[in-house]
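After this come two complexes, each holding subunit A, first together with subunit B and then together with subunit C.
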Partner chain A sequence: MEKGFFKSKGMIWGLIGLIILFVLPGVLPRFYIYLTSIILLTGLLATSLNLVLGYGGIFQFHHAVFYGVGAYATALMIIKSGLTPWLGFIVGPLVSSLLSLIMGIICIRLSKLYFGMLQISLGSLVWIIVYRWYSFTGGDDGIHGVPIPDIISSPTSAYYFTLIITLLCFIVMYKIIKSPFGSALQGIRDNPVRSEMIGINVKRHQLLALVIAGFFAGIAGSLFVVVDNTVFPDMLFWTLSLEILIMCLLGGWFSFLGPMLGAAIIIVLRTFISTFTSYWTLVLGILMMFVIFFLPNGVLGYIEEKLKKG
Partner chain B sequence: MLQVKGLSKSFDGFKAVNNASLDVQQGEIVAVIGPNGAGKTTLFNLITGILKPDEGRVIFKGEDITGLAPYKICRKRISRSFQVVNIFPRLTVFENTQVAVLARQKKTWNLFTPSKRLAMEETEEILKNVGLMDKKDRVTAFLSHGDRKVLEIAMALGGDPEFLILDEPTAGMAPEETARCIELIKNLSDRLGLTILFCEHDMEIVFGIAKRIMVMVRGSTIIQGTCDEVRCNQAVQDAYLGGSEVCSM
Partner chain C sequence: MDFIGAIFSPKLLSQIFVGLSRTTILFTVSSGMTLILGVLRIPNVAHGSLYMIGAFTAYTTSMVFGGGNLGFWMSLIIAPLVVALVSLISERGLFQFLYEREHLMLLLLTFAFSLVFGDLVKIIWGAEYKSVPVPPAFQGYVYLMGGLPFPLYNFFLLLVGPLVAVGLWLFVNKTKIGKIARAAAVDREMVGAVGINVSWVFASVFVIGCLLAGLGGALVAPTVSVTLGMDHTLIMETFLIVIMGGLGNIWGALLGALIFGLAQSLGILIWPQFGIVFPYAAVIVVLLLRPTGLLKSTW
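Here is the complex of A and B:
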């Protein structure tokens, strides 16, 4: 499945990719550095979704909530607490995973589509609170100019911070997928009844997976605060959830790095096509149709398949 | 070892299992037979907790396990295989079995140790026992039907059971696969000392390996006894063997 990631060939490609990512700020103009940071943290967000979607088989339809809440928690902690800003980066993911736990306990009784529907409703509830609570969250204005510690406030240092944190998160997530918990989770995805029959407490494992996914989404949210210095309610609107879902499908939801690739494709498309036309989603729609018809395992899934055969 | 007393379950007024009773002693191989729709699989589902019975009790080693969640029943060391192949299609043969072993060892909460360092020997031992070692790295979606049925048993063995329930273990197998599978079941009983409860349509297999037989018709137990007792029973002959079987005793 996600073989090739640590195999010798994959290792070389990975190293080349990493070197490119590390020297990028030296050659690219500021805007592209910002864009790459956004791709990295969105890729992290999509991969955290894929932990429960592709590996857990849970229809997490409103994953952006945990991203947005993580970002808000970080920003509010920095602004309102008066404590060291670094604390915000810890509080953000923790608040996200707590919310994920609460929503998980409510939703986990249902399965498949029903889980997804209930999750969209609960997530939208969180969104409306953030959207309306002017005195605390700034309502639809959001919060601008969040003060970030000096060493990571410049675009280049924010980029490196994002890159390193994203890398660490990817290593941890990869380890989780390869752990016994990851095996059990994939078993549950393939066949919940059988999993229960071999002695796995299905609901509890799913709940832990949701909390972990929420945690990493929260980290992605915190990174957005570092890169953009703002938070706004759209970060937890359901359209973003849909977008990261598409990233997973586009890149390949059975490949570990698929969602990252999907994030890169979509963000690049949105940035460059939207300078020509405001109907860039039309292009995305057509692209998506082709992917579903011809590459059911996503772009990276297709490449891996070819490499295996070749 | 296992006692089933007056178990009943109905679906929308249809009594799938109606006052079924069963008694299995330690180390025995017991077969459940009956026409299609007699409620054999439902009975197994009731014992293993997938369904909750309306009435009756299931007692395992003196402990009432009626209506416990399946994963809890599994931890009492009751494992089962399924009639319709019920495996993890995207994982390999090895991973399928390994998950079962890890689950039994309660290691599935471990987040950071790589799976490939855990439960290796036990998993390989099981695969050697069932004869799937040469196919261990195959993704199970691409296995032959016969091999998948054997993998079913391997996964059940992952739970290190004392009591093994096999739901039509040889259904759909080619003749030579069937022979291999029967050999396997006998081995599990002789070498590992497992108590086995199974159901099967092929009477040759049933009379070949079962020590005792329970006959179900329309959800009810009509008799439980030795092979000869069952073969000579008039009610069984009428209901199931077509009434023409000649009693050899």
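Here is the complex of A and C:
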């Protein structure tokens, strides 16, 4: 429907956005390059959640666990294995998707809210293990100063690395959504019973979607290691998961780029509000209440609505 | 004989009692959550924050009344009432407009509340640890079989658990509002159609559920250090207990709390560093065998 209208205009805006993103390191100070990298990889994380949440209708309440596990797997692989660091970037996402598969198999038999509540609890179990296993994960200190290959270790090159990987992931995710598999997934979201009737294996589709989402979340985690060189247990704490959910909601979860926009808004707000007050979470909570009441389709959903009317 | 001696060792016995007194706290909080889930269908993430507010209010109350027995009993009354008031305001102010929306929105709204409450607690009470004195009446130890010392306050908790359970049972089964609430859990439109003001029934169930969280906070206050972040671990445990017992089933919450409390206290005995993993493992086993919980869910 809105696709025909958006396609040509959207392409132009997309191109302009890309050019801005590519020349950004030339004009911005170092801190803002770092911030933009964080926005990009958090946006990737939020979009991977939206793959199962917005398009799949699965209540994945604790998505951050795959982000954190991806980051930990990457960091541990680099530090402990002694093999080439690049291997870590492959292992991280793979471990995440494996974990996603295991958790998916346990949870998938349950219906919506049960699924979400069990998933958030299992995720907390993973958090506890990471938090307590001092000898392996560093406990609540996390791991600092993970050695990164020289080519991508400076802030600018880390930024470009993040940008390119994020772009590639976005293209792949977009293709997945537009593929027959993506259509089947959205069909399941809208009417699981009917989808089952026409011969779609509902559980298997949902499980595959979970694994894919876990994989991309793992990539986001690996990128965090590149940008920040650290991992810490808060990366897989459940409050972060709910923050990602807010990003999806704020940006709009029926639009592909909504979660990215939501991530950008939240991170920019957090950075600037934190300089004025230490009560950022209070502001976030109030902001969320406003969004839930007045912008149930998110910022992007609101804009699309206005455009359609106007 | 050595084997049997090892099983019934005093250490094991005392861990069982520790687990049972923990069960009381867990049950008090999760019964409130399961009540709200069963009737209103809200997965209340703010429940843990209300528990925290209960604990902090108990601290202030016992300080105001001088930390003695009077302070303790007053805190058991005032803390739940303060929490009930807070929840009444949030229910009437915001939640009641969202009952028709998706669970996800309700969950996120409760999360927004937990963020706001967390910072409000920080503003009001500050970020330092607070400790609530054990009331003089419950200081000291009782001696269990074999002369094993067991803190008197934990013994008191063991007695409170059944009291809460019976009180809640009476409320749900014997009072008019409890009966209406049970009916509304099954078919809220029909309850509205026979001329009952469902909105206020929902409000009272919400408030009572939250009151239980506050009571849990007041009860736990003398045994732990009251601190920011005490809501974070508890809310996950509550979630697990509620799922394990069957959403909305109060006896399920009791059973879940029992399994959880015992698995935790005995797990520490088996593997000190990862004792906390055992209750989670117990939940996974239960849910693999019975995906919708041990007892019948109201959903």
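One rule holds for everything that comes next: the second predicted complex is superposed on the first by the 303 of 310 C-alpha atoms of A that agree within 3 Å, B and C clash if a C-alpha of one lies under 4 Å from a C-alpha of the other, contacts with A are read in each partner's own complex, and residues count from 1 in each chain.
As a working rule, a contact is a pair of C-beta atoms (placed from the backbone, for glycine too) under 8 Å apart; a residue touches a chain by one contact, two chains touch by 3 or more.
These figures come from a predicted structure and were not determined experimentally.
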Should A:232 be classified as contacting the first partner (subunit B), the second (subunit C), both, or neither? neither
For A:286, decide between first (touching subunit B), second (touching subunit C), both and neither. second
So in the superposed three-chain picture, is A:114 touching just subunit B, just subunit C, both, or none of them (first/second/both/neither)? second
Of subunit B and subunit C, the chain that contacts the larger number of subunit A residues: C
Is A:245 in contact with subunit B, with subunit C, with both, or with neither (first, second, both, neither)? second
Going by the contact rule at the top, pick out the subunit A residues touching subunit C in the complex. 59, 61, 106, 109-110, 112-114, 116-118, 120-122, 124-125, 128-129, 132, 237-239, 242, 245-246, 249, 279, 281-282, 284-286, 288-289, 292-293, 296
What residues of subunit C sit close enough to touch subunit A in their complex? 41, 43, 45, 94, 97-98, 101, 103-105, 107-109, 111-116, 118-120, 122-123, 232, 236, 239-240, 242-243, 247, 273-274, 276-277, 280, 283-284, 287-288, 291-292, 299
Given the complex, residues on subunit A that touch subunit B span 1, 175-176, 178-184, 186-187, 189-191, 193-202, 205, 208, 212, 254
In the complex, the residues of subunit B that touch subunit A are 48, 50, 69-71, 74-75, 79-80, 82, 86-91, 95-96, 98-100, 102-104, 107-116, 118, 155-156, 158-159
